[in-house]
Every structure is written in C-alpha cells, then in structure tokens.
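Alright, structures below, take your time with them.
Look at the two complexes coming up: chain A is in both, with chain B in one and chain C in the other.
After this line comes the complex of A and B, so read on.
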C-alpha cells in the first residue's frame, strides 16, 4: 500500500475504459438488434442502419482514449510511476466524467438509435434527419471527454 | 432490471414489425376498396397489394392473411408466443362450446371448429369432451366445460351453456392480459370483458332477461361495476343507459341506440385509438400486440367490404361499418 496514489489513478483509468465500454457494448448490441430486424425485411437498407448502429460505439473509444492518456501520464506505460495519494485521487476524479457519462450516454444514444432505425425502416429518405437524433446525445459524451482530457493534462502540471 | 430486460428482448422483433407496418392497409386504400365497382375489382386491388393470390376465393384470402400474421409472430417470438394467448382464447372457448354442443346433440357438423389462431388443437378438445375427460383440457377450461356440459344435458338450454363458456372465456382473457405485465395487453383483456358485458346487457334489455341471468353471464372487469351494471340492465333500458352514461363508456350509449354494428364499430375504433401510440414505440411487446390487433381489424374491415360488395350494399353503408385504420 506504499503507492496508493498509483492505485487510485489506475482505478480511474480502468473505470473509464470499463464503464464507457460496457455502455457502448450494450448500446451497439441494442442498435444491432434493431438493424438486423430491418435488414431481415429489406437488405438494401444495410448501409444506412449500420451507421446508426455504430453511433453508440464512440463512447467506448472515448473511454479507451482517457484510459490510455491516464496510463501514459502516471508512468504505467513507461516513465516515473511514483504518484502521490493526492495526485492519484485527482486522476481518479478526472476519469469519472468519461466513465459515468460514457456509460449512460451510450445506452441513451442506443435508445435513440433504435428509434432512428425504425424511422429509416419506414422512411428511408429521412435518413439524414434520423441520424441527427442519436447524434445529439453524442454532444454530452464529447463534453465529458473534454473535461476528462483537460483535467488529466492539468493534474500533470500540478506539484503535489 | 427485469422490466428493462423484457423491454430490450423485443428490439429485433419490433424493428421487423416496423417494416411490416408499411404494408398495412391505410385509410386511402380502404376507400379505394369501398368505391371499387364490385367484389372482383376489390379482390384485384388486394392481390396487387400482396394479399392472397389471384386464384383464391375471398374467404381463402382472408384465412391466408390471418395465418400470415400468426406465422410472422411465431417467427418473431418463438419462445414466448404464449404471451399473445390473450388474443387466442376466444377461439379456444368457441371450439369448446362447439365440441360440447356437438357431443350433447350427437350431430356431426363440418367446419364448426376454428383451426387458426388457437392455443389448443380442436381435436383434443373434441376428444376430451366426448370422453368426458375434462382433466385433459387446460386447468382454466376444466370446471366451466364440466358445468356447461352438465347444464346442457340437464336443461337442453344452449344459451345457458353459452353463458358459462363465454364468461369463462372473458375471465381467461382478462387473467391472461394481466399476467403478461404488458399495459396494452392488460387493457385489451379488461376492455374485451367490459364491452362484452355491455353487449350482454344491451341484448338482455331487449329480450327482457332477469337479474339472475345477468349475474351469471357478466364477467368481472375493472372498468365497470358489474353488480350495478346488472341491476341497471334488469331495471330496463333507461336505467341501463343512465348507468352507462355515468361510467367512462358514455360515448357508446348513442352507438348502442343506433345499431349493434355501430356499437361494435365504436368499440373497435376505441381499441385502434388505444394502440396508435405504439406506432412510435420501439421497445417491448406492446408494438407487436398492436400489430396483431391492427391486422385483425383490417381483415375484419376487408371482410365487411367484400361481403358488402357481394351483396350490392351501397358504398355509404359499407363505409359506416369499416373500422378505423392503424396507419
């Protein structure tokens, strides 16, 4: 328990990848079921519904990005891994926006994507509009990503 | 968590149903059928729309469409098809009634059983009734079947037999609707029971049936106080209408005065109104239930139109009987 700071920082990185990844896998799974339903009836809509299915997958990528940056900053992937407890806790806190917003927004985006896929199945010419609805949810995942990135880089320059 | 899991289990099925909804008959198409010069022209329009095949008769076409609906639903929810038993019990109990009457009268008739949209093979019902082996039937049918048969044998009164089976059917439909956990299916069960009670009372008022008859015939339901309904109906038409006017079914009072078919039409329109929000719901079992009801209504409407055309009824008369469309 000498390097408790490193433990917390690593826990933050893991949570970020884990929770956002869980959210995205649930989201892409749900949207995939809806997409498969539409393609069963009309294979020509494959490309349109595939794009909608992939939308909830971005949160997982954001979570991975935050985890990767954190691992680089705390020396897990090479360099000095001597992190104070305070700094470790700060890294942990910095990862939380991406972890929680990633989980929730991916699931909510999937709900919107499933409805958008239903819209495309009935009105394929409205694909552009259908894509906007789930894409709006992405805004909040991006905001969380920004806060986590800015916080992680900010913590690195702190002398605690 | 359980609810969410149930909600998420039908995403694929609902997505497929969304595509099938585009093939449902809309108001404009129904209007085209109504103004078609004759039955053949209406049939031709239906064949062009993908219904049946050119060589089929009207009845064969309608049977085919009914079968197609259930084939699709069985394909979509193969492990959970019994959730839709609420729509099938009516036919099962009809078959039970037919089997009991056939057995008691020793008359053999062809085509008395409904073969599609059922949960029990009519042959099994027929066999169980003939052998008086009611235990071979599902538990919910055993007691009413035995009682109906005994009543018919003792009294030779077919109507008494009918009310026992009909009430058992309504009770089963209500219970099945509630057991699904679906708001729409529960509402359907309650609604079918309530509307049947109103219909029984309206008929009882016309034929002067007493309170005891009504007490035996009416099924419990949440939307109506069955005891007050029976009391009011046994006191005459004015009292019956006054009671209905004080419930949520005041709108049907006028329709009841008009004609039984206008009342049926109003009941179906109410159901369509209730299921229409499911057009925008992408989750859960309710959109599938709504699709089954929508198909049932459109088949009913097409049957009315084709029969009307066959009998040279005026377009306006047919239009008045055609149900609202889901899409």
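After this line comes the complex of A and C, so read on.
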C-alpha cells in the first residue's frame, strides 16, 4: 500500500479515458443511427452527415489525451513512478473535469448532432449552420480539457 | 472585398428571335430573370409550366435509367472520381449530340421497361417460393387438393393442428361423429405443428362430418385445382421462367450500358430546356414582342448590350436598382480570398447595407485553422494532396476547386505553425532517431516555442489572437457605420467599446496576479491609471449611448446599463479562443501517442519492428489527421461565425442565381 499515490493518479487517468470514451461512443452511436437513416433516403448526403456524426467523437479523444498526459507525468510510460499520496490525489482531481464534462457533453452534443442531421437532410445547403449547433456544446468539453491539462502540468512542478 | 454591383436590365425584342435570345442568355449565365411588370391587355404571360414539367419529367426519367444502369452495370470509378467534374464539350458537339437525344429516350424507356419486368419478377419469386413450401406436405396425395368427392362420397382435405398419428386422428373425429359409420380417415403427412389428412365419408353424412371437423379446427389446404405434384412442377416451372426473365432483362440492361453517355447528355439537355421553359412562363409577351426583365452584373452590362444589339433587333435598357430594392448578391474576390466565399455564403450573404467580409474572414480562417492543426507533417500532406488534385483534375467543379484551394492555404498555414511549434508528425523526428539510430539528441526544435512545454504561454498567445480577431471585427463594424454615413454610430458602438475593453485589458495586465498567471511582464502602475481612466470613459460612453434609440432618459440609461453588461460576452468570447490551445495540443499529443506505440513495438525487434512501426505510423497519423482536420475545420467556422461575425455581421442577402446552363454531366465551352 506504500504507493497509493500512483494508484490514485492512475485512477484519474483511467477515469478520464473511460468516461469521456463512454460518452463519445454513446454520442457517435446515436448520431450514427440518425445519419444512416438519412443515407437510406439520399446516399449523396453521406459526407455531410458523416462529419456531423463525428462531432461528438472528440470528447473521447480529449479523454485519451488527458489520460496519456497523466500517464507520462506519473511515469507509467517509463521514468520515475514514485508519486506521493497528495500528488496522486491531485492528479485524480485534475482528471475529473475531463471525465465528467466529457461524458455529459458528448451525449448532449449527440442530441444536437441528431437534430443537425435532420436539418441537413431537409436543407443540405444549411450545412454550415447545422455544424455550428453541435460545436457550441463542444466548447464546454474544450474548457474542461484546458482545466485538466493546465492542472496536470501545474501539479508536475509542485513539490509535495 | 466586394459585392458585385447589380443593374436592372430590360430587353424588349421580337418574338421571332425569342428562342435564340433565350438560349444566348442561358449560355452567358449573367442574368437573373426577375419579372415585375403586371399583365395588361397587350402584354401577357404565357403559361408554359406544362411544357416545363414534361421536360423536367424526361430529365427525371433519364436519371432513373442512369440509376438502374448503375445497379445492373456499375461503372468502374476510382475513389477520386468525385473530383472529376463535368465533361467539357464544344458548341458544335452539343448541336451534334442533340440528334442522339431521341435515341437516348428510347433507350431510357426500354431500360425502365426492362427494370419494371425485373422488379415484378423479383416481387413474384418469394411469393411462389412460399407456395412451393406450402405444397410440400401434400406431395403424397395424388388427387387435386380442391377435389370434394364423387356422387356418393364426400372428400375433405385439410389439416388438423398438432402432430397426430392415424389412430389419434381417427379417434378424435369419431368422437365428434359417433353415428357416422362410413368414415375413412387417411394421414398424408404429419409435422409437429400440423397433420395433413383426407377424410372420406358418404354424401349423406357430409354435413355432420363438416361440422365435426370445424369444431376440431380443421383448416383448408392451399388452393390448387391440380394434384400437388403437378402443382409443384407448375410452380417450379414458373420460378424458372421468372429467373429467366431476371437474367435476360439484366443482360438487356447491361447491353444498354454503352449508351450511358447518351442518356447523360439527354438528361442535361432536358434540364436545359426545362429551365428555359420555366423562364419563358415568366416573360411578358405581346403578339410580336416579348420583354425580359433581369438583374445583371454591372461588368457584363456593356459587352452584353453591345453584342445583343448587333445581333438582334432589340431594345436593351439598363438602370440602377431602386433604393428600396434588395438586388441579389454575388461576391467577387481575388484568388486568395474567394475560397472562403463559401464560408460566408453558408452563414449568410451580406445585405446591401453591409460589405463583403470575405477578405477579413479569409486571413483569419487560414491563420486559425493552421494554429489548431499546427503540425508541419500534416500540413505538408494537405498541401501535396490538394495541389495534386488541383493540377490533375482540370474539369473539377467550381465549388470543389474552391474547397481544394481553401484547404491548400490552410495546409500552408498548418505547415508554418507546425514548424513554429516544432511539431512534425508529433515528435516523430525524435522518436525515429532514438528508436532506430540510438540518437535521442536529434529532434526538430521549434522556431518559436513548444506548446507542450509552455502551455500557459500558448494560452496567452491564443487570447491575444482572440482579442485581435474580435477588435478587427469591431473595426469592421465601425467601417460599416462610416459606409452607411453614420460616424456617430461608429463612435458610440465601436470606439467606446474599444476604450472599455482595451482599457480593462491593460488595467488587468498591471495586476501582478494576472501577469504572473499568463507569464508576462507586469505593466507599470502609471499605465494602469491611464488604462483605468480610458476604460471608465468608455464605460460611461456605453452607458450613455447604448440605449440612444429611447428618448426617455430614464429608459435610456437603463438600456445603456444593460448594453454595458455586454462586457461579460466579451469575456466569454475571448476565453473561447482557448480552443486554439486545446485543439493544437490534441493534435500534438495524439500524434505522440501513436509514435510512442510504434516505438514500443519497434524497440529491439529488428526488421519486423520497423515494419510494424511503419504500419502503426501510417494508420495512426491518418486517423489523427482526419479527426483533427475535422475539428480544426468545425472550430475555425465557429470562431468566425459566432465570435467574429457576432461583432459586426448579420447578413440576410439573397444569392444571385443567374439563368444559366444548370447541367449535371456536361459543360458547354464558350466559343465567343
């Protein structure tokens, strides 16, 4: 039990990849169903609805990003893996914004994406606007990503 | 940066030239027909919608035939064929090909007829197959299934539910009909769900037996007037026939696949004619003359008028649109800016009170896209791919060409930022040098700084870019005010805001807390005082003028206070530019993940390791490039639409849709 710090840090990294990944897979799945429906009617809209389907997929990537940065910082990918309990808990906390916001925002973004897909199926020329609605939701995932990244880099330079 | 000036044109010409003039205008594609004249006793409109509908239908049939051909004899097409664009044909060739249209239409109707036969056959086959299945249990019976007996005897053929033996069935029926003595029960076949039987009895007991069988849920066999074996052979013959129909018609359609080009031409030809007839119904026509009213781009006015006057007897008049009129909008920009016109268009075109924001949009578009993707390797790939496409595919459609050019410029910007931040396929240079050559000291050093090493520095830079972007937007608003002769509006809505936001930013930078967080030098207290005063003047200005449309001072100040509250939207707008950092880091870090995966496999495994490294490298970076290019595209659009346009641009103009050759497969080259 002497390396509990490492455990917490790893748990944080895993949570961010896990929860953001779950959110994105649910989101991309929903949007994919809507997109497939449009393509049955009009295969020529494939490229447009594909882009809209992929929009909720970025949260999973951000989650992976946070997980990877944490793994390199705590020495799981090679290097010194001696992490104090305090630092481990800090890493855990730093990963939480991405984990939770990633999970929820991906699902909500998917709802917006499904509606945007419906919009494109009726008015393909409004693609530019349709793309913006889901992108608005993503802002919050990006903000969470920033907070997580800045915290993780910040923790590395703390001496506790 | 310009919206093309439009003129109204009125052409009055003789009816005998009508066909030629319309075809000429269609070929030029410089006018949008816009009829306003009312009908009177002399000038009337002819209703040609019927004819137009016929041509639309013919074009539609051609498309259907082409779809059928596509299903039966798919064309070999590469992945890049979508870039091919339309085939160019000359004017003479066009005239020549018109002769083939009738042939093509015959082919179209035969293709559609063959296809109908195929669809009918395809629909019938499963029906017959199910009938064959239904006959299977009756094959042991050698009388027609609808045979109901002779003069003296009655025959019942049918099924009872459940798997019954002969004795069980007999017992069940006898139980219901105790007084019938001449009953003969026979089992033809039995399966778990039903037993097929035939029962013979004397005619005199027919009703009693029928009643008894009804109670036992006796069901009729499939309808057939021949015996089951013959019926089955008949059905199988029909199946053979149907399959035959399928193959022969399929072959016939395949034979016609060589006519594909002809049908495509016919489709375009009918589309052109339909458009012409649509226009024809909008024209005012008298007995011998007709009038075309249209919007025309000013730059074509003189040449078109001169040419038409020489060629036909007509009156060609142009005038400026009335002040209260909203002429359609067409944009014209240089090669660097025009690719982003589609970005502006998909937001909204400018109205006549606004100017074309394309130039401003284009500079920031390339800049922001590059910052978000920020990897030299990916940038070079984009540049190579788009330039190859532009060089190789000469006939590429106009829209596709612009998209390619846009990504070409974005690619150049991406390469630039990639070298600035020292990212080439992530840290590929260092990973390859370390893994394969044992030289961890070799790496691509950034020209400016590494985003991953100093994220706070990058974040400050992102905010700076954001502030510049937003201030340029505000400047554009001031420009718009001046253009509409409203210099006071520029002072109230722009200058005061510059003072307020700019002053506030400088004031914040004098606080040690802010500057240490952003990692820049703290400004001196004197600057802070000046900045504070400027900000407060701006704030007072905004409060006093923000609600200037109200005359009641109390209301006006309240509205002014509300508009000063808009400072919070400035805060969120600036923070929104942090996505430049987040997306830039995402590209870099994920590229590193793939490099790391590759190097883990490759370390100490020799040649096989090298192969695996290459495979992981290619797949991983392709994936990363696609996903992050999508992200950069979406978020660049967002920054332009929401943050930038939010400051000054509403749009709402109607696009210029000239009467032109709206074809799908061919373009006719000008020979003027």
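Keep this in mind: the second predicted complex is superposed on the first by the 160 of 160 C-alpha atoms of A that agree within 3 Å, B and C clash if a C-alpha of one lies under 4 Å from a C-alpha of the other, contacts with A are read in each partner's own complex, and residues count from 1 in each chain.
The definition used in the following text is that a contact is a pair of C-beta atoms (placed from the backbone, for glycine too) under 8 Å apart; a residue touches a chain by one contact, two chains touch by 3 or more.
These numbers were taken from a predicted model, which means no experiment stands behind them.
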| item | value |
| --- | --- |
| Which of chain B and chain C A:158 touches, first, second, both or neither | neither |
| Contacts of A:127 with chain B and chain C, given as first, second, both or neither | second |
| Chain B versus chain C as contact partner of A:114, first or second or both or neither | first |
| Partner chain in contact with A:68 - chain B first, chain C second, else both or neither | second |
| Greater chain A contact set [chain C / chain B] | C |
| Contacts of A:34 with chain B and chain C, given as first, second, both or neither | first |
| Partner chain(s) touched by A:4 [first = chain B, second = chain C, both, neither] | neither |
| Of chain A, residues touching chain C in the complex | 51, 54-55, 57-58, 61-62, 64-65, 68-69, 77, 125-129, 131-132, 135-136, 138-139, 142-143, 145-146, 149-150, 153 |
| Contacting residues of chain C [partner chain A, same complex] | 343, 346-347, 455-456, 459, 575-576, 578-579, 581-583, 585-586, 589-590, 592-593, 596, 627, 630-631, 634-635, 637-638, 641-642 |
| Interface residues, chain B side, partner chain A - complex | 8, 11-16, 18-22, 280, 282-283 |
| Partner chain B, residues of chain A touching it in the complex | 30, 33-38, 40-42, 111, 114-115, 117-118, 121-122 |
